[in-house]
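The structure's right below; bear with me while I get my questions together.
The letters A, B and C name the chains in turn, as written, and every chain counts its residues from 1.
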């Protein structure tokens, strides 16, 4: 995953344009079942309209001495996203109105965009900005803002059942690592892993979209289908560093996705931070909006806004996002999928406790406290009344889903319980 | 309000009689829409009977040296309320059985009544009682206890809707300030303010009654109407000092009145004390009784029983009740009314987040964390699914009702939400 | 109760056999309404089968010097329960495979059984085991394991109503005191006390059974009747020491039995430990199993597993179980029964607060805070709306059931409330 992120690093992504297309094609190499879709500029999508397509060739800012002080060939964060084309000479004074930097982080190039109002600008490390000399600067922003289309990728991996698990990630940020390259590389890895599974209970829908306008566009095209089929959804973002685990709930807060995510995170190696709906900031804003109400949550490492390198050039693949961090982000989603695939409602076939001893499941020598395993079997059996799912039983008995699911399987193999898969 | 309290101070109020009538007439000067009602002695009201009317001309206690040691012309707390007429000479020893004082508060004249059993007595500061000399005392209690009527005041302020807000306060206590003159003066001010409003959603019913027997009498006369119409009610008492804010819930505990009162108090400048139904002690005892179940709460400053001057001559307009204290008590009720008048269920008209930017409601320059106002707009919008009232949204997003109501109004002005007034 | 426990002490009980029968006959002397039932070996009961009957004459272990080092005539814990008959010479080395002791408690003879697999063995204090000399030992276990029957006792004490309170205790443990002789002696005392009552609202069903196989057998024979009639049940175990009070909930956790037990324990003289369903270990495992779901809880002194002498010879009638401990265990169940017998739904007959003063229930001299008793009357009355039982009102007003029931009775004697007995 870390290598893939490096390959995608310098592609100049935005919410539309060839950067997104090139990124999607790279992902297609890895996931041949990924299809690329184009939605024309101007298409009405819910309350929005697909904007003109923006393509960047190169943007440079040259100082009075002829030195290039900002160049998107070196770092594509140097230009304000969706900058209009400009080629002219400006004084430093005028230029300042078009410069962005962060005084508190003097070495960070900030990430700035102006999608829905025409502007132009450069982003610089504050230290560099402060050393700019008075005089005349050459601004050269070679971009095109023309009718085109919005691109997104989609993978449908069929399962035994039309009920769906929905996985969404975004591909609109230029060279930053935790937010966002970690999202698409982890989502692609999930897609590869799911495609390779011999059997899937759920159908999986995995989309690679530009944030906000992409989820709005996707909802506009698929809303009734999504509302009908999606049982759990995950917005995959900020899954690449090693510093934290984080949870962002759905608006509803108690959907299947929330329950599964909380279980996974509670049984993770380190404590996690549970944010609230009021802390949201990504595509759950659309997926969980009133009248849409998809069961979408985020399981993250360090959440957007909450780490110092967020939305700057410091969010990189060296000091922030690591192979171990990405593996942890992937593991959260793999475990969630495994729970969804394996969750069931077990129902006892006997009245009272079964005689485990004659089935070899219980010590026949009674001497005080029994060993852990039969206790777990009996605890689990005591909730097999058809009212609780394996996941709910795991919560009640305070064990991991997988220990309880193993116990259920053992009981089923002895004909002690009936097991009905559950999708809810 | 403090001046009005001074004017009402020395009127010798009790649960019946001219003291109540005179008080109601003073309030009528201020609120011409106040009507005065009389209910004859002996009338059966629920489990009770309206008692004979009690009128005090003057009561004096003269010591063996001819010095007047208690005189209701000086402080009308000196006589036990509802004392029967007496004029005789008694020894100090016999007199002691008729004297009331508080050893722990030697300078306080206690407030004592005997409404439903014939007695007579004097109330004295304990310091004065201890200096009484042996000998013969002249007891002169010039009262009349005769058939008459119970008086109460009522103001009906019509609104657009027959649903009512019920405000009740009591006018049966002689010269004490927080309990009770603060109640009627604040309630009168609420009545004046409501009458002057250009528009009212609710109809307001404001009553000035003697405590207990008055609320029982009023309920006996209006029960079915009150049960049908009242959506929220406030028993206005102990609203005049500056030392505390207090909340006494309805028996139900989660009526609209409870929700509004808790919201107002949570957003008050200082912390408040939340009492329970078991701490009750005023007319909510009747209004919330089984089978009556009106949604009546109290928002108070220092609650009855809970401040040292309670039910003594120390509860005065100088050291206890102040203009600032009364203004705070009034403000609680004004804010509660404003919430009730303005509460609504907002429902979004768009799917997904609307594009606030093109409506001038959101910065078009994306650079990290957005400013507070659009965040509040989006937080509020995210709960505009027709399931939550403005008041409930305010609780969920942790803001004051008024901030959220302003946001709802702004959204409505951009046709982003439909707003349905709610009375529940 | 302590004397009865002494009389039952040395009877060699197991889950079947003459030890149980002799114990039941001793209890019958005390409770003539106890009937003894026999269920033949081999009978299928739910998922189980009644095992062969086991009878012990004597088991001895003689060392190479001819010294008897274990003798069931001295302590019947010395033989593994359900040991098969053996008479042979074995080396110490071979013998060690058949010995049981507890290194951490070198003076304790452990309690070990092997009901469902044929074995033989001796239990020794670890100190004695360590001093065994090398050489040849004579093993003499004079037991019979033959078809016979499982015995249990049952007492039905009829009441005014067919709804039942179910009390279960077990009689399968040899010489141990808290677990278990405390159970049957307290249950027998409850039976005597209930039989002697002049009047019972509920019918009482009290059973003395072997643990696990006995409750399974009893359920197999009476399930539909129990499910239909039992409103509350108590598994009486570990009710004899003075060190703790403990509560083990039903699986459901909020049945009438749970509510009553928690109330009794909350008002006990000392704090109690509330265990969870996951801490269970006795016949509630059967009574509360899925599909059976009887409302059965345990109110205990020191719970099984939780005291150091548990399941060893140290659990005796001298240092562990005391007359005071047993009296406390009995009191918990007597109070629970008294609550069940007396619980009702009181409904006010007046609207608003009644005039307590004219009924002599309230001071007619109003002077501040009223005394405790009328406050309780008014607090109770305020919940007499037909929605709350006396027990629920007690919880809400924070008083003991009996104080509130006395208040309800006083109100009823003044025709202020109607009282409907409740069985739920």
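The rule we apply is simple: a contact is a pair of C-beta atoms (placed from the backbone, for glycine too) under 8 Å apart; a residue touches a chain by one contact, two chains touch by 3 or more.
What you see is a predicted model; the values in this text were computed from it and never measured.
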For chain A placed onto chain B, the superposition rotation in degrees, Cα atoms, nearest 5: 120
Numbering shared by both copies at the chain C-chain B contact, with half separating same from different: different
Whole-Å gap separating chain B and chain C, where each centre is the average of the chain's CA atoms: 55
Residues of chain A touching at least two other chains: none
Residue ranges of chain C touching chain A (in the complex, touch as defined): 46-48, 81, 100, 110-117, 119, 212, 215-216, 219, 223, 251, 277-278, 285-286, 288-293, 305, 310-311
Interface residues, chain C side, partner chain B - complex: 347-348, 350-355, 357-358, 364-369, 378-379, 381-386, 397-398
